[in-house]
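Going in written order, the chains are labelled A, B and C, and every chain counts its residues from 1.
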Amino acid sequence: MAMKQPDDRSHFLLPDLGEGVAEAELIDWKVSPGDAVAEHQTLAEMETDKARVEVPSPWAGVVKDLNGSAGDIILVGDILVTYDIGSAAATSSTPAPVAAEPVTEDAGTVVGNVSETLSMPSSFQRNPEPATSDDDGCRALATPAVRRIAKDLKVDINTVAASGRGGRVTASDVNAHAAQPVAAKPIAPAMQPAADDLPLATRVAQPIEGVAERIPFRGIRRKIAQALQHSVQTAVHFTVVDEVDVTELDRRRKGFEELLGRRLSLLPFVMTAVCRALREHPAINATVDDFVEEIQIRSVINLGCAVDTDHGLMVPVLKNADELSIVQMADRVSEVAKGCLDRSIDREDLTGGTFTVSNVGSYGGQFATPIINYPEVAILAIGRARERVLTKNGAFYAGLVLPLSLSCDHRVVDGAEGARFLNTILRSLEAPEKLLPAV
Amino acid sequence: MPVDCAFQTSIERISILDEHGVYDEQLGEGLIPDSDVVALYRHMTMCRHFDEIAFKLQRSGRMGTYPQNKGQEAASLGAAYALEDKDWLVTCYRENAGLFWRGVDPEKILLHWMGDERGNHIPVRATPLAIPIGTQMLHATGLAWASKYRGDGGISCTFFGDGATSEGDFHEAMNFAANLDLPVVFVCQNNSWAISVPTRIQCSAPTIAQRGLAYGMHSVQVDGNDIFAMVKVVREAAERARCDNRPTFIEAVTYRLGDHTTADDASRYRDPEEVKEWEARDPMIRLRNWLEQRDLWNENQEQAQRIEDEATVSAIVKRAEEIDPPTTDDIFNWMYAETPKVLETQRQTLRTSSIGQGFDGT
Amino acid sequence: MANLTLVQAINQALLQEMEKDDRVLLLGEDIGSNGGVFRVTEGLHERFGGDRVVDTPLAESGIIGTSIGLAMGGLRPVPEIQFEGFLGPAYDQLCTHAGRMRSRTRAGLTVPMTVRVPVGGGIHAPELHSDSPEAIYSHNPGIKVVMPASPYDAKGLLISAIRDPDPVIFFEPKRIYRAFREEVPEEEYTIPIGKARVAREGNEITMVSWGASVVQCMNAIEESGRDIELVDLRTINPLDMDTIATSVRKTGRAIIVHEAPSNCGVGAELSARIMEQCFLHLEAPVQRVTGFDTLMPYYKLELEYLPDAERIGKAIVETAAY
C-alpha cells in the first residue's frame, strides 16, 4: 500500500511489499553507500512470507547509508536506506511520491498510517474474568419521557419518591416533588459517594462478592479522608464517656499471661466485653443505609479494630468476633494488624464490620470523640490505662483505670441507649468473672 | 442397430505467426497494413514497460497490489484493433494493451490500483477493471443486447481467464447470449494459471474452446500470442455478431509470464522450465523478428523506442501521482443520484449515532 | 379512475411506462406469452412484442447481470425474479455490481434498473415462496428497496422506481396481489421513493409496518378501538425517519410489525433510530411484532408464524399499558 515517505526524500521506509506483509528479511544489497541511483533502480533483494522480491528506489538520489545487513529482519515502516540530500541528485523529473492520504474537512479523522500493521494495545490483553459488579440498585426507575419532565423541572429524579408500578417514578411524582416548598423538605441524606471513593469499610447496599484482591495502596489517605468526612457529615455524632476500674481484670490478665506464657494486652478483653454487650444491645450492632433510609440490625458481630499504619488508619474486621476466645481474639488482632502494616491484608478482611473498636490508648490520651466507621452506628475508643487512686466502700486503693469513649449516631441510637450500652461494657470489665473463664 | 451420430464437429486452432517465426502468408495476407503492425509493436513495447514500472511502483510502496499483464499483450491488443470504437470492451484486469489502444488513459489503471475510484471513470466504451471473477461477462451480454435493441450496430467483446470459465455466471452469460441471439464476442485468455491453480483444474476437456459448443455458438481456439491470428479471429467474430447477432467463443492460448499479482510468488508452484519455454513464445519477440525481417524495424529504432517509452510512462506515473487527493465527502457523494437525507446527515456529521445532532432536543 | 387490484395496478404502471419510454424493457422467466406466473405482465407481450417483453433462460444471476449490462448501456430494464426465495443466486450481481457501479465509477456508469420480486407469505405456497428478505438488501448501500402495501401506492412507486437513476428492488407482497381493490387514477403519477405514508392519524401509539402486514395492522387497530397512528413505510431503504420520528414524538409509543424474522430485521434498525431520535419522548419500549427467528414453516403452520391482527392486538394492549 502507499507508504508516506518523507517529503525531503532523506530516507526510504520499507513499504508493505505484498498485502499485509509486516516484515521482510534482507537477502542482499544491490547498491552501496555513495552510489547514485535512478528511480526504479533495485536497492535490495528481500524475502517475505510470500515471496522473494526486489525493492526499487522510489526516486533518483544518492545513497547515504544502508540500514541493515544480509540476514536482518526489517519491519515495514523501518528505514531501509538513507539518501544524501545535500548533494546534487539525479535529474529525474519524478515528483515526490504523494501518499494517497484522504484530506478531510473535519479535524482528527483518517490519517494515512506509516505502517499498515495494527497492533493490539497491551492493556487489552486477556485477563481472568472479573467478578461481575452488582446491579446499581440506587438509581430511580423511570421512562425516558418522565426523565425529560424531571430534567425540564430541574428535579433530580433519584430523589423523587416513586409511586408507580414496580417502584417507578411517574410524571405526577415528579410534578409533586417539584411543587414541594423547599423548607418542608427533610434533611436529605448525602448522596452515596462514587464507587471509587468508598471507605475501606463496608458499603451496606453492596456486599462484596468473594473476590480476593490486592489493594493498591495509592490514594489510601485520600480514601480515608473522604470516608471520615462522609461519616461526620452523615451520622449525627454524640459521645458518651466513662472510666472502667480494670484493676481486677488486669490482675487476671497478668495471670493469663503467666499461664499461657505469652503477652496479652487488655484489648482482647475489652473486645470480648464489647461483643457480649452487643448481644445485649443488638440495636447497636447495626449498619445504616441512607439510600433506602433503613437501619439494618446485623446478626453477625464483625468487630473492626483500628490499626494505625504509615498510610493512615485502617480498620481490619474480625468476622464473628463473638465466637473467638480471648486468646484467639488477641492472635487475630495481631494477624490483621500485621496484614495492614505489610499491606498483605485481603480486601475481604477490611469490609463487613458492624462495630469498631479503636485502641487510641496505646498511643496516649484518655478520652476521645471517635468518628464512627460509617455506615456502622457506633464506635468505641479505648484510652490509656493508668494507675489512679480509687475508692471503694470508703477505702482508698491503687487501681488501674481505663477510659472509654463511645460515639453513636444519634439518628439511630438514643443518648440513653448509648449510655446503657457503655454501662454494660463497664460492668463486664469491672466484674470479669462473668467475662472470663475462671483462672 | 448401427449407432447414429447425433452431432459432430471440431475445434479449429488458428495460428498465423508462430513462436519460431513461421508465418502463414496466405492467412496473413491483407490482414494488417505494415504501418499498423509497426504501430502495434510500438504500442506493445510501451505497454510492457508500463507493466514493469507498475510492478516497481508497488514494490517501492507507491501503489497497492498490481496484476502484471506481461506476456499477454497480443490477445487484448489484437481484439481491440479488430473492433470499432462503438463496441464495448468488458475486461477483467489483464487487458491493458487493448484498453490503452482503445483510448483508455493508462493513468486510470494506475489510479485504480492506487486505491482511487477515479480510475474507474472511463469516457470510452470500456467497463472498468472487474475484480470479482467471472461476473463481468453478463454485463457484456447486457451491453450487447442494448446495442442490438437500439440498432446502433455496436457489439461487445468480453475478456476473462481460464479460471473464470468455472464460475456460474460465465455459463449464464454464454447461455443468454446464444439463446437470445446477442452480439457478444467472448474471449477467454487461457494463460494456464488461476493464481496457483493450473487450467486442468478449471476444465477437464481437451480445450476450453469446446465449452462454447455446448451453447450452440461458434467456438475457436487461437494462439493468443500471435497478434495476426487474434486480429483475424476477432474480426470474424465481430462480423458474425454485427451481421447475424450470433456470439462467438474464442479461446486465446497464452501464458502469464509474471506472478498473479505483486502479492503472489509463482516460483512456489510453477516449474521454472515451463516459464522459460513460454518466455520464448513472448508475443513481442516474434513480432519484432517479423518486422526486422521485412526491414520495418531495426535496433536503432528499438533504442529510440525504449527512451520514448520511458518518457511516456514516466509522464503517466506523474499524472497519476499528482492527482489531488479525494475527500471524505467522496465516500458519500456518489452513492445515489440524489443523496437521501439519512446519508446526507451522516456525510455532514461523519457520525452514525444521532446524539448531539439536535434530534430530540439534544 | 378504476378499482384495481395490486396486480392490475402494477400491470398498468408497466404498460404506461413502456409506452412513454421505449428504453424500458421487461425480462424474466415466463413473463412473455405466459404473462408471468402471477399474471402481472399479462398482455404486455402481445402489446410490445418479444423484443421488449423477453422470456429469459432460467438463471437469476444471468437475468440480473444481463440487466445490469442493459442499464449500463443506457436502457431501463425491469427484470423480474419470480419469487423472493430465488433472489439468492442474483445476490452477487446485485450487491457486487448493481449497488456499487455508480460510486465505484464516480458516476461514469450507472444502473437504472428496477427488479420486480413477489415477496412474503400467506398464500399457501411451497417452501421458499414465502420469505421476506428486505433487510438483506437494505443492508447493502447503493440499492433502494421499496414495498407498496396498496394498489394506489404500487403504481406510483413502480413508476418512480423505473424512472429512478439508481437500482431499485420493487417487492410486491403477493398476499395482497388480489386481496382487495383500490381506486387507482388512470393517468400517470409518481409517489416519491423514500417517503412513508401516514395511513391513519392517531395520538396513542405509532404503528409502523410495510407490505401485507399493513392490512393486518389496520384490522388490529380497528379491533382495538384505540387511537393509533399507522405509518406505512412504503420505502424500506432509504428510511423516512422524519415521518416516523415526528409520529413517535407525538405518541411516545411505537410498535413495528413485519413478516421477516426479528433478528437483524428492519424493525431492529427502526428501533435503534427511534431510540436515538425520540429518546426523551418514549413512554414505553419500542415493540416489534415480527416473524419468529425460525424458518418460514410450510404452509400448514404459516398462519402461526405470520404476525396477525391478534398478535398485533396483544402488542397494542401491552404497549398502551406500559
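Simple rule for what comes next: a residue touches a chain if its C-beta (ideal position, glycine included) is under 8 Å from a C-beta of that chain, and two chains touch if they have at least 3 such contacts.
Fair warning: this is a prediction, and the values are worked out from it, not measured in the lab.
Peer 1: Please list the single chain whose C-alpha centre lies closest to the global protein C-alpha centre.
Peer 2: Going by the distance between chain centres and the overall C-alpha centre, it is C.
Peer 1: What's the farthest chain from chain C if centres are computed as the mean of the Cα atoms?
Peer 2: Centre of mass proxy via C-alpha means gives A as farthest from chain C.
Peer 1: So how far apart, in whole Å, are chain A and chain C when each is placed at the average of its C-alpha atoms?
Peer 2: 56
Peer 1: Nearest whole angstrom, what separates the Cα centre of chain A from the Cα centre of chain B?
Peer 2: Measuring from centre to centre gives 67 Å for this pair.
Peer 1: How many angstrom between the C-alpha centroids of chain C and chain B?
Peer 2: A distance of 39 Å separates the two centres.
Peer 1: Residue numbers in chain A touching 2 or more other chains?
Peer 2: In chain A, nothing touches at least two other chains.
Peer 1: Could you check chain C for residues that touch two or more other chains and list them?
Peer 2: 279-281
Peer 1: Considering the complex alone, what residue numbers of chain A touch chain B?
Peer 2: 1-3, 5, 12-19, 40, 50-58, 93-95, 97-98, 100-106, 109-110
Peer 1: Under the stated contact criterion, what part of chain C meets chain A in this complex?
Peer 2: 252, 279-284, 322
Peer 1: What does chain C use to touch chain B in their complex?
Peer 2: 25, 51, 54, 56-57, 59, 61-62, 64-75, 77, 89, 92-93, 96-97, 102-110, 141-142, 144, 164-166, 194, 238-239, 241-242, 245, 249, 273, 276-281
Peer 1: In their complex, what parts of chain B are in touch with chain C?
Peer 2: 88, 117-118, 120-123, 127-128, 132, 135, 137-147, 149-150, 156, 168-169, 172-173, 175-176, 179-180, 330, 334-337, 340-343, 353-355, 359-362
Peer 1: Flag every residue of chain B that touches chain A in the complex, lowest number first.
Peer 2: Chain B residues touching chain A: 53, 56, 59-65, 114-116, 259, 262-265, 267-268, 314, 317-318, 321-322, 325-329, 350.
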